[in-house]
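The following pair of complexes shares a single chain, chain A, combined with chain B in the former and chain C in the latter.
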Partner chain A sequence: MNKQSNTRDLVWNGSLSISVTTESSPLCYMTNIPRLSYIAFILDEVRKILCPNEKLDNCWLEFEGVPLKSHWPIGVLYDLYTATDPDAPRSPVLWKLVLHYDNFPASQLIPCNEPTTFRTLFFNALKESDYVRNKSASYILSLSNSATEELWTSIQKHDFEVYQRFIPRLRSAKYDQLPVRIYITPDTPVVQESVSCKETLGSMLHKTLPKLFPSQNIAVLAKAIVHGISIPLSTNMNLLNQELCYTDGFVHIVIHML
Partner chain B sequence: MLQSFNKQLQKLELQLKQCNYDCKIVTQNESNSLYISWQYSDFQTCVEKDEQCLDVVHNRAPIINIREWIVYSKTFLVPVLYFQVYCNGHFVSKLDELEQLLNCHDEHLHEAVGMGDHPIESGICWFIHPCQTKSFFDNWSLSINESRYLDTWLSYIQCKFAFLCVPFYESRLHATKQQSELQG
Partner chain C sequence: MELEKKLRSRDIVEKSYYEIVEQYHALLYYVFHETTNTSGIETAKMKEDPNIITSSGVSSSQTDQVGNSSVSTDAKRLEKLQRDFDMAVHQLKEVQETQKRQQNLATKQITVLKSQLGVQEELNEEKNKRIQFLQDELLALQLEVSSLDRQLEGYKR
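And then the complex of A and B:
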């Protein structure tokens, strides 16, 4: 197995252990969920076990009082909200979440009660990332219905064997621009940028967030976390694209203060 | 490249303020966006008797507040209209509810409008998909540096989403009227 495919395997197989409880039930839902996956994929299952009489419309997950966005990759949510330092030694973690089924925070969370809602959101993100790379969403739009279904199912079921067929076009090395989303704190808006493949992570962050990254070479005030890993500022953006891109086509970067 | 666009946003802001709309330019990451907040007026009359048994007409329409942002998309290289709709203080997050409240039944609405992360604040909002806008401007060969770029974009959006463009329509009408009076 070559180094490149090994990294992709590690990223694909990266997972989090979570537990979900709710006030009205003595039960606890526990699972390992891929970092690349989404709360939207498990919410109904959680609801059926913990509060089957409640409507999915009203259900949402929370961590320490913060509503969790079901359309953000769960690995991003973990890195952002727990601020777990990947460079500090620690024991294996169980991420404890709480399920609510009332007072849905409508202005903070997108309701995922309809099966098509999250799928539409996901493909909008994929089209946008395709647009950044290709200057048009031609690849995604040109997928046949059956290919689109295959791609969607591979993401839902976390099936690498099927998903990897789409990787060459999704993450080709020939693109000039990459789509990046940067998460700074839980209550600041996401910074979305199109960045040059030729840049390093440090030069990109120095340009985009100069106050947090006054140096391109040394992480003085903050560091960049992708898939729970602290990434050196010297890393080439194209490498991030090839190895650490998420299934929606974006490189999602969480910023941790030092 | 965005200098001209920013100037056009400022001009629009001025026109909106002249019509007493609550609006401002918001700067974030060196990009300017225009924010406007307004109340959507609808009338659903009902007649009730007062203490003297006289007929009194009431408006029982829900109070609909709309917040909008014109933001330049660095991905699609066109302006995008983001918006939030509140009905009696409650955030409207379902498209069916939006259709009913704003009386905007259109079979293409579900394809044209999406929901996602707010580009300026930390919540979520609706937006009009920008992919078709790019083709529109390419067909027109209209550059962002041209002074009529933003007006043209507003006209394009207004054709399809008039219910969201009331302030822009009013302010432009007002500006046109002022200009005619000056010339007259």
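And then the complex of A and C:
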């Protein structure tokens, strides 16, 4: 219990320091954003400070020429686009992003200008994960309006006290299946799999990406990164589900090439 | 246990700037919030304070005076501009007339030069004819000389 609590707390409280600049303004916006949170939650605030005359429709964030998807968790974006080795010595992190308000890359990003757009995306992902786990999205659908609002508010405000009440149900897997998303490179499509909770991470990756993981026990060509740390391939998938799951019910795994 | 250790190690790196960023963010928020509030306060003061209305009245009268003086100033400026314009027009006409005279002179010179050129061409043609004639005569004389030389050689033998 103590171990679980500590790990969950560390996962929940993980955060990244980011600084956002824009080409036309010398001002710099800095904030700490939880790893489990989303760009969609801070984009409007950034816009109001850096370029208040521009519409939210046209605003998007970029890192080294790559548009950042608002509907992916911040931690996944950071692990994927910075491609840092978590086991190597690292310097302090201040993630520098650029805010743009023209030439919206419509082919790469989903506009999240409406308050309900991202919420819809999030709950769709939640239903999807619930279906994989329990063969039905009935739990999400059966939530009352007030409970739905509570869950959404806890996600927005990153409130663990409220969110933890939903954890037992959100992370249950009656049919022993766990939804996993695997990010290989920024240019590669996301691999989405349903895996058994009884498998190990290594066996799952060996089955899904046999060329990158020729061995089930030893990371030869690549390693798996979840929440900014490398996970041993011998780790049980059930542990990943209970401790390292994201708020949308998925386990997001970033592959780092060795 | 290993996960916990790794997560703590991650946090050491990723939260190095946490406190600094929090302070910066708070300061930024305070500045923008204060700016908004200041605007609101100023607006409220404008509405509430009757003295401002009086000063507004004074300002409006001053504005009227400034308007009047500016009107007269504009009229003077307009007159000056009109005079400058007339002078410019006059100068332009003079320049145009001068140009026309110069152009006429140039035209006349061109005519004279053309006629002289014609004369020169005729003279050149005559010279060419005489040169041709003289060359022909020279050739004939050379032939005669060579003929005489051959006769002379015959006599010597």
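Of note:
The working rule: the second predicted complex is superposed on the first by the 254 of 258 C-alpha atoms of A that agree within 3 Å, B and C clash if a C-alpha of one lies under 4 Å from a C-alpha of the other, contacts with A are read in each partner's own complex, and residues count from 1 in each chain.
Here, contacts are C-beta pairs under 8 Å (C-beta built on N, C-alpha and C of every residue); 3 or more make two chains touch, one makes a residue touch a chain.
Model, not experiment: these values are computed from the prediction.
For the composite obtained by superposing both complexes on chain A, the positions of chain B and chain C are free of clash and fit together. Of the two partner chains, chain B is the only one that A:188 touches; chain C does not reach it. Look at A:32: by the touch rule set out above, it reaches chain C but stays clear of chain B.
Look at A:148: by the touch rule set out above, it reaches neither chain B nor chain C.
In the superposition on chain A, A:15 makes contact with chain C only, not with chain B.
Between chain B and chain C, an angle of 80 degrees opens at the CA centre of chain A in the superposed model, to the nearest 10. In the superposition on chain A, contact of A:93 is made with chain C only, not with chain B.
By the touch criterion defined above, A:58 reaches neither chain B nor chain C. By the touch criterion defined above, A:7 lies against chain C but remains apart from chain B after alignment on the C-alpha atoms of chain A. The least CA distance from chain B to chain C in the superposed model is 28 Å.
Contacts of chain A with chain B, set against its contacts with chain C after fitting on chain A, share not one residue.
Within the complex, the chain A residues that touch chain B are 69, 71, 106-111, 120-121, 124-125, 127-128, 131-132, 137, 179, 186-194, 208.
Of all residues in chain B, only 28-29, 74-76, 84, 90-94, 114-124, 129, 131 touch chain A in the complex they form.
Across the complex, chain A meets chain C through its residues 3, 6-7, 10-11, 13-17, 19, 29-32, 48-49, 86, 90-94, 227-232, 243-244. Taken in their complex, chain C has these residues touching chain A: 1-4, 6-11, 13-18, 21-22, 24-25, 28, 32.
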